[in-house]
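Below, chain A partners chain B and then partners chain C, in two separate complexes.
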Partner chain A sequence: PGAVGNALPSQVVDHYENPRNVGSLDRNAKNVGTGLVGAPACGDVMKLQVEVDENGRIVDARFKTFGCGSAIASSSLATEWVKGKTVDEALKIKNTDIAKELCLPPVKLHCSMLAEDAIKAALADYKLKQDPNKEEAEKKA
Partner chain B sequence: SGPGGDGDGALRPLYMDVQATTPLDPRVLDSMLPYLLAHYGNPHSRTHAYGWESEAAVERARRQVADLIGADSKEIIFTSGATESNNMAIKGVARFYKSRKKHVITTQTEHKCVLDSCRSLESEGFRVTYLPVKKNGLIDLKELEAAFQPDTSLVSVMTVNNEIGVKQPVHDIGEICRTRKVFFHTDAAQAIGKIPVDVNDMKIDLMSISGHKIYGPKGVGAIYVRRRPRVRLEPLQSGGGQERGLRSGTVPTPLAVGLGAACAVAQQEMEYDHKRISQLAERLVTKIMSEVPDVVMNGDREHRYPGCINLSFAYVEGESLLMALKDVALSSGSACTSASLEPSYVLRAIGTDEDLAHSSIRFGIGRFTTEEEVDYTVQKCIQHVRRLREM
Partner chain C sequence: ARRAAGLTPPSVARSDRSFRIDAQQLQRRFRSLQRAVHPDRFSRSPPEEQLYSEQHSSLINKAYQTLLHPLSRGLYLLELNGVEPAQETDSDADSVFLTEIMEINEKLAEPKNDDMLQEIETLIKVKQEELTKEVTAAFERDDLQEAKKLLAKMKYFANLEDKLKDKKIPS
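This part shows the complex of A and B:
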């Protein structure tokens, strides 16, 4: 069924009806990065986790989201896209690509922004875990 | 089933959003048809039968509206809807008495048209007190009494809230206002025809009525303006002086007839509807709350109209639940369903935590809601709340 007026794009509904990568990874594992973005007060919270192998390639990703259909779809799509990419490649994922893929209307663009933030937060967390001394060194510099 | 196209036999969603609007009762449509077909006269045409029969129909309708609320025909003015009636009541009364009275009292949970009319008055130099409500959605009568000032001209408090269904203590408010000789206006759009409302019993001086909330047509409403003691108001709409000079413009006969019929039908059906709707509401709430943990009912459990149920499902965002319940037409207090990112101001006013405000769904049960529809909605709701909590 196509979109009728203000009905959600079918791509968005699909991510809810056929969810991919819902769940959690072990946040204590050294090669898992966890990003938690958003706020319940805004009606949008996303947790995105990535598992990175020794070659810097993302081999698994999971998400959990408190938010509207577009938020769920954006974070779900994000986990699909990061899989198989290197950390640096994943950092290049832009919210505009997510929004375009899901046909998000203008009022829902912030959901795709939050998903991009979630990816970056997860990867930043991963990087920090790999080299905690680096941050110490940077702080002293 | 899925979203319906026209004429292709596809099923349409179940309608559980009666606070937003209601379908026309078939008896109302029947009453309107002659005036949409052969009897198309202007009720203000004095010189021929088309006008006379149209006028007679309008006057019959006026009596029907008046009967429902215990008023006199002469006190009913037809408008384009409750928004216009609210504008007339608030701006009209305030402006008429502005030389001596510059203060208006209302509540934080009123409909937007009331709040916006008050805001507009503030920009004209009036002062407005927006009374807070308690956690249960009701106003504190002591706070109301304390809010009066020597130059208060009007108190406006809605009878039944459209988002959470709470019933304000209209009897007591009327008493307080009458003692202080301040006019009492109530937006009764969600109340009339559903619960007994009597303007004399409740000492109401002005009342707003909406056609499309009571199985009548859209685009018509009425305002009750008390004549004894007389309430004066400055008209918003100027013109040929129709409706006692308070609301110029040709009265739309078919719509007025429809509103009258809706009121007459409602008066007949009120007791039966109320009983049936109460049972269905109890069924819905009990089933959901017994199967799903962490569900909060917004608004007082007792002082409410049963057909408007607002529930917050913790850890589940409202719009995602609406998307999941795609076969049921519902609405939510979540920000995602409004243009801004702010959740419902009514939920905020009753002190709902912000994340629970984003998790609220409003279920509307009406005259034509069936038990099967309620059961289906409950079943799907339970199923999808569980699913979304996993995500």
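This part shows the complex of A and C:
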């Protein structure tokens, strides 16, 4: 069921009232990627972190989001979804999937976009930490 | 200079709109407009006039609030100049700024005493004043892209200010 008027959909309420994976991982650990993103239109900030094992699989994820219920729910869902995925699989998570799962109304679609951006930023950070020289070479090319 | 003194959007059709305003003059104009349309004056008037009065009174309130606060005023000025407010996600390039916002949010989320709240409030105020100065300067030299970036930063601090106000309300 979708949102009625200003009421949050039940899926959003659940992730908002019982968010999963709130917290932090050690950003200095080599196998932890940290993504920090913000939505300038609404002033929401979102930090998402992933811990990746030696096989390139995400074994843990945490988030901290300061913003509306939909932003919190989107990042909570994002951390649930990345767990167990490889880095490349997690990069395929789209904001539209998040929005659909949470039945976000059009006015809150940007919250799911922010979560997608947070996942990408965390994974980009992780990749950079694995091969900083490669990144530098690519940047210079 | 004449400022954005017309309080309803269509009447702010001046070529010399500036970001800087005279708050007292704004307030005088607001009051004088409200005196003319306030519902109290129309309580015994026909329904169409009462409706007119309500709608315009409400619009005047909204316009006044928009122009009074630097953030909303700045965003409105961007809009008048055909510049969209920032929509793209802030990330890598802004990590220092975002980290700062995150840290203040985290401090606010902790249980605390009045002294700490006061410290955070002062910090937020100082930052807002700095940003307002920078936005004023950007508009004055017609650097709308810079104004847009600064207004985006102000939005984050406006949210913090709201959260702080909520914290101060005794529960």
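Some notes on this structure:
In the analysis below, the second predicted complex is superposed on the first by the 133 of 141 C-alpha atoms of A that agree within 3 Å, B and C clash if a C-alpha of one lies under 4 Å from a C-alpha of the other, contacts with A are read in each partner's own complex, and residues count from 1 in each chain.
Just so it is clear, a contact is a pair of C-beta atoms (placed from the backbone, for glycine too) under 8 Å apart; a residue touches a chain by one contact, two chains touch by 3 or more.
Keep in mind that what you see is a predicted model, and the values were worked out from it rather than measured.
By the touch criterion stated above, A:Leu109 is placed in contact with neither chain B nor chain C. By the document's definition of touching, of the two partners only chain C reaches A:Asp117; chain B does not.
Legend: residue contacts after superposition of the two complexes on their common chain; A:Gly69 is shown touching chain B, with no touch to chain C. By the touch criterion stated above, A:Tyr16 is placed in contact with chain B alone, chain C being left untouched. In the superposed pair of complexes, A:Leu25 makes contact with neither chain B nor chain C.
Contact comparison for chain A: of chain B and chain C, B touches the greater number of residues.
Residue contacts after overlaying the shared chain place A:Cys42 against chain B and chain C alike.
Shared contact residues of chain A, touching chain B in one structure and chain C in the other: 40-44, 64, 66-67, 110. The part of chain C that touches chain A in the complex is made up of residues 85-92, 94-95, 98-99, 101-102, 105-106, 109, 152, 155-156, 158-159, 163. Residues 35-45, 47, 64, 66-67, 110, 113-114, 117, 121 of chain A touch chain C in their complex.
Chain A meets chain B in the complex at residues 1, 4, 7-8, 12-13, 16, 19, 22, 40-44, 64-72, 107, 110. Across the complex, chain B meets chain A through its residues 2-3, 315-320, 323-324, 326, 334-336, 339, 341, 343, 354-355, 358, 390-391.
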